[in-house]
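Listed below are the structures to be examined.
Both complexes below contain chain A, partnered by chain B and then by chain C.
The block that comes next holds the complex of A and B.
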């Protein structure tokens, strides 16, 4: 035991993940990682206090598909920081993984347990905005930092704003706004006149659909919304929705569908001929889906993602993420959007702590508010009125490429809609949305 | 709501396909309850296990013999057999101890099976959804398109319904099973081994579930949690049709599937609510279900 060093322990964690993740349940590996991160407390007596971070991610439920790569990759980033002694060179990071099961009550329970029992100072997570907002209440109550790396309801930074929460990806409002930008171009070029929406009936789906419809109605009032469909989260049979949409004969459809449900919808829609009749611009296609559906994904549909590595391979940080990830997990695997945003969240925290010169949560949040940080997507700034990172949404056509063993967005026509182009226009409007907190 | 015949027919196919999916899973549940008075809460979890096994076997065959869509057929047949054996073993080892117990105890045991098999699935296959990708291309029908796999599912549903009817009404073993529903003691007095009958029925119910999971895999992904979602809908179907009535389960599946499909047209957000309203109405006005018998109720 005495021979353990922090960076070595982290490499051991990653080794464990690497050996087991390919076949076995990554719940086990995440638990193993969590347990192993506790080891330094017993072997580095006398060293500075470790900095404990709770990672809340679902390993079951709709969001499980997007948790694998962040769980595999976060220990790599933590190990990188710990190589130089940890935060401020003296606070080695310890990660504590918890499964939210994509359920708000479980997420809140785990967050409270992490804060009270494990004494974490930051919680990163989670997938599902409903769960993130449940966690947000707990972190606000205990004045613990909350890094919403991927959950992206706009309510997290607007209606439900707390100064302790920071959002690292484009929020649902920005994402839907980006889709509107792409759709407006197509309305002009293709003469579209009518559309339907199909959304998952939960916080994010409702939010994304509302923003899209409101914005499109404002920008193109003559484009008619024929029908609104809601499917339950975790739906496995979209066929009745698909046939109903086809019967209505709209020019295009907007989908607020994510996770496993998105893959299911796309496959069933393809087999039912939906894409032969109806355009589906803005389908959420993170790198996870591009990799997993490489054989079956219809080509030339217009997709949207939040942090595609292939759009930023000229950025040294992104190059480092990809190399670090592939060195551990093989050349066939790539960090997906979710992993990259989690990596940025952990590196962003590192930069916030450095700027604050302290690990105190209040000092760090003040340092990060309005700060510009280095990310794999370039230098990005947090909006000082709601802690939303000025992150772009990427809209592009799905095409094959000789560069990767899966399709990507066509680099020639891909559009990165910047965050500030589509977020709530002024801080005055943002503050009107924000509820008063005690 | 669209009124052209093409749209209505395609929605009807979609509803029938959903109906047959429900029937294929619910029929085993209904059969087991009808004959053995066992409420098998783990039925959909065993269905899920059958799906995962079919997925694995299909992958194995594809890796060995190359990509052929028809390899799914032997995979389904073999897994149906494996699950028949598993069902038999479960009945002999666990379920038979529950015959004299109250329903809550049966539910507790079968709920434990859900947790055990759920964790087993998690350990072996992980948490990602699994499905079999077949090159299914839409076919043009009535100025629109339809998924041709709808017809495979509809055919499978009608095939199993017909097969069960033939088995229960035209075979000696089936007649014994039906007799056992009404008087176990009398059947036993005739020298027929009731435990064997029960084990066979339980195994058959599980085998049908496994078969249906394999049939669904090319159109519907399977994943953890789907079993809980499905079992609730199956209970709704079985209650509407009448516990223990295969005909009732068949008719209720068609009602539920078609009502659901057309509700999507009219009130998309309330499609499931309408199904459960039907369930409530049946429970109030005819608690033994549309085709159940008052005696059993």
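The block that comes next holds the complex of A and C.
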């Protein structure tokens, strides 16, 4: 139990770091973080068979922005489970956080360290798919459960499938498919006839663009693709693309742009008035971005989200989680997509262990395969051929509401596309993708 | 003097070893014995850390051929490490086929493929880089490094793009951590001996001359560009060998291995250990990798830790850890010799009196 006190302190450290702090405070806090990470192994030494979980998240590198709330939220869930004695009522959870630095080799090393030094039985993480897949190799080799809470490459459950990995969010292919479903609705309702695409010129960008164009051409052949634009990765000036797109006057544009590049594009497009003339459906806008860009984010653009709390406030589990989170971190803070998916991962593990009646990794993975679990997004089922959760992708228009101090997706028009509507259709096709593992 | 030297030898201490083998020999002996005994440490993790130390140590030593011996700094050296890693990974994938297994011969062929690939890469990049020196050499190497990175990052169909390549499981014997460790130790030991021979050859001394004064070297008849190019290719090849060992060890490769942050690792290691010592980068690797592996258990702020260490070294120990050891050992030796001379002089004096 005392480990949660430690983890709470850890989350406070993260919270403190997010505020402006002095150099002296930063150094003291860093040293304190190090010392407190050591505490659980001593203070829980007397507890009966704790269940150790490694949490791999980037606190440095490009993914650090999305780690804050999972780091804050996970200890709350663990504490909740520990109130009843832990997993199966007798295995209190201990969490071990590690920074992957958004680097696959660091992720692999940390996974090994967690397994060999801390004796963790499950690793949750991480943000980057490349890092998650490096971790997946290690967990598979050591027969340790890997809960891919937010990393969403479809390879994790298809090409690189291992029975020890479970994916809790919609994968990249499912997200692209969901955008097509949402766009088809909008084509019908708004009478769109033409579009352009703008993608980052590397494989993810080209792949996402191709999936979208292929599916849309198949479903709506009358919708015309006017022009295809490719921007280089790390582009800082999208002006020429924006000008060219506006000159073509399409009804909408599809963007295969991610991360910092997307933020740059959105800001420049907003300044040039692109969003007033052309719809931009499918831009990835997690709750993190909705909160952080509350003042600058253009309204009425159509975004995509993986686990928005505001879409499920009628679900008692989500209500409980948001309340728990806000009681601890204040009324102005909300759990983002990433925190919600980590929440579901830990709760899903709890349900898997309960179903298995054991903490043995093989028993738990068998119990979770094909299982239906309660999540903050409702009851969802793992696909038994690849452990992909039937998670929805949410597409909606960014609007202000009186309920929240930041914009959300318009509840009236938001579309939730369930995983089974857009994932690889049959298990036979999935198995063809899965490479043989030793 | 003879008697004092004899006394010193009789001591059989580190100082005696230092007198016999010099700093490089002493460090080699200490590290060699240490590496051989690593598997006796409790647990598997120290062996994993040691594999990482060896691979990254070889990577840093190859970098030091360019930095410490030739006097140029390369910020794109990871390109060759990554090329070696990817050459092995791609061959691995080709040999694995549908079964997911790889045979022993195929495994060795995969590793060997890193040599020509990284050498060719270094030849092409080096051809342009050696035309420049100083900051221009550094910037051009960085530019080429990033170029190679983006090719690997973007070429999804061939390299796996930003996802990298996973599932590089070696044959059964090498899946055992200790077996792979000793295999790595053997390869790295051979590579280090070859590097040592190169640095002690006339070619190695030509490199030192290029570091000190290229104009004078050219005046004496040394083909400066050719010499630099050959060294660049040798350094790139050894970086490729290190990279080849990396993939089967981590079971995966990713484009990060070719990026500029990866190129910073041998720079850090060399600065920590000491660029003017042959074993400096390996000592740097021991310190850097061990710290990285264990500090992250206690704090998530590893970059802050390494930043403070580098700052301390640059400000107070610019020659690296070995420069301090070398200076201390030399001072100790001088003091002992001086004391011995005084005692011998007193004894002589007493004898004279008697």
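Operating definition for what follows: the second predicted complex is superposed on the first by the 306 of 438 C-alpha atoms of A that agree within 3 Å, B and C clash if a C-alpha of one lies under 4 Å from a C-alpha of the other, contacts with A are read in each partner's own complex, and residues count from 1 in each chain.
Please note the rule applied: a residue touches a chain if its C-beta (ideal position, glycine included) is under 8 Å from a C-beta of that chain, and two chains touch if they have at least 3 such contacts.
Predicted model, so just to flag it, every value in this text is computed and none were measured.
Colleague: Looking at A:236, would you say it contacts chain B, chain C, both, or neither? Reply first, second, both or neither.
Modeller: first
Colleague: May I ask you to decide whether A:437 touches chain B, chain C, both, or neither, giving the answer as first, second, both or neither?
Modeller: second
Colleague: Return first, second, both or neither, reflecting whether A:60 touches chain B, chain C, both chains, or no partner chain.
Modeller: A:60: touches chain B and chain C.
Colleague: In the superposed arrangement, does A:260 touch chain B (first), chain C (second), both or neither?
Modeller: A:260 contacts chain B only, not chain C.
Colleague: Which of the two partners, first being chain B and second being chain C, lies in contact with A:228: first, second, both, or neither?
Modeller: In the superposition, A:228 touches chain B alone.
Colleague: Which partner does A:201 contact after superposing on A: first (chain B), second (chain C), both, neither?
Modeller: After superposition on chain A, A:201 lies in contact with both partners, chain B and chain C.
Colleague: Looking at the overlay, what does A:155 touch: chain B (first), chain C (second), both, or neither?
Modeller: second
Colleague: When the two structures are overlaid on chain A, which partner does A:427 contact: first (chain B), second (chain C), both, or neither?
Modeller: After superposing on A, A:427 lies clear of both chain B and chain C.
Colleague: Which chain A residues are contacted by chain C in one complex and by chain B in the other?
Modeller: 59-60, 201
Colleague: Please name which positions on chain C make contact with chain A in the complex.
Modeller: My answer: residues 43-45, 48, 52, 98-101, 150, 153-157, 161-164, 166-169, 175, 246, 250-252, 254, 256-257, 261, 293, 295-304.
Colleague: Any idea which chain A residues touch chain C in the complex?
Modeller: Of all residues in chain A, those touching chain C are 30-31, 33-35, 37-38, 59-60, 97-99, 101, 103-105, 108-110, 112-113, 116-118, 129-130, 133-134, 136-138, 141, 153, 155, 160, 201-204, 206-207, 233, 435-438.
Colleague: Okay, in this complex, where on chain A does chain B touch?
Modeller: These residues of chain A touch chain B: 23-28, 59-61, 64-65, 68, 201, 227-230, 232, 234, 236-237, 239-244, 246-249, 260, 263-264, 267-268, 270-274, 276-277, 295-296.
Colleague: Where on chain B does chain A make contact in their complex?
Modeller: Listed in rising order, the residues are 2, 4, 7-8, 10-11, 13-15, 17-18, 21, 122-123, 126-129, 131, 133, 136-140, 144-147, 149-150, 219-226, 229, 260-261, 264-265, 268-269, 271-272.
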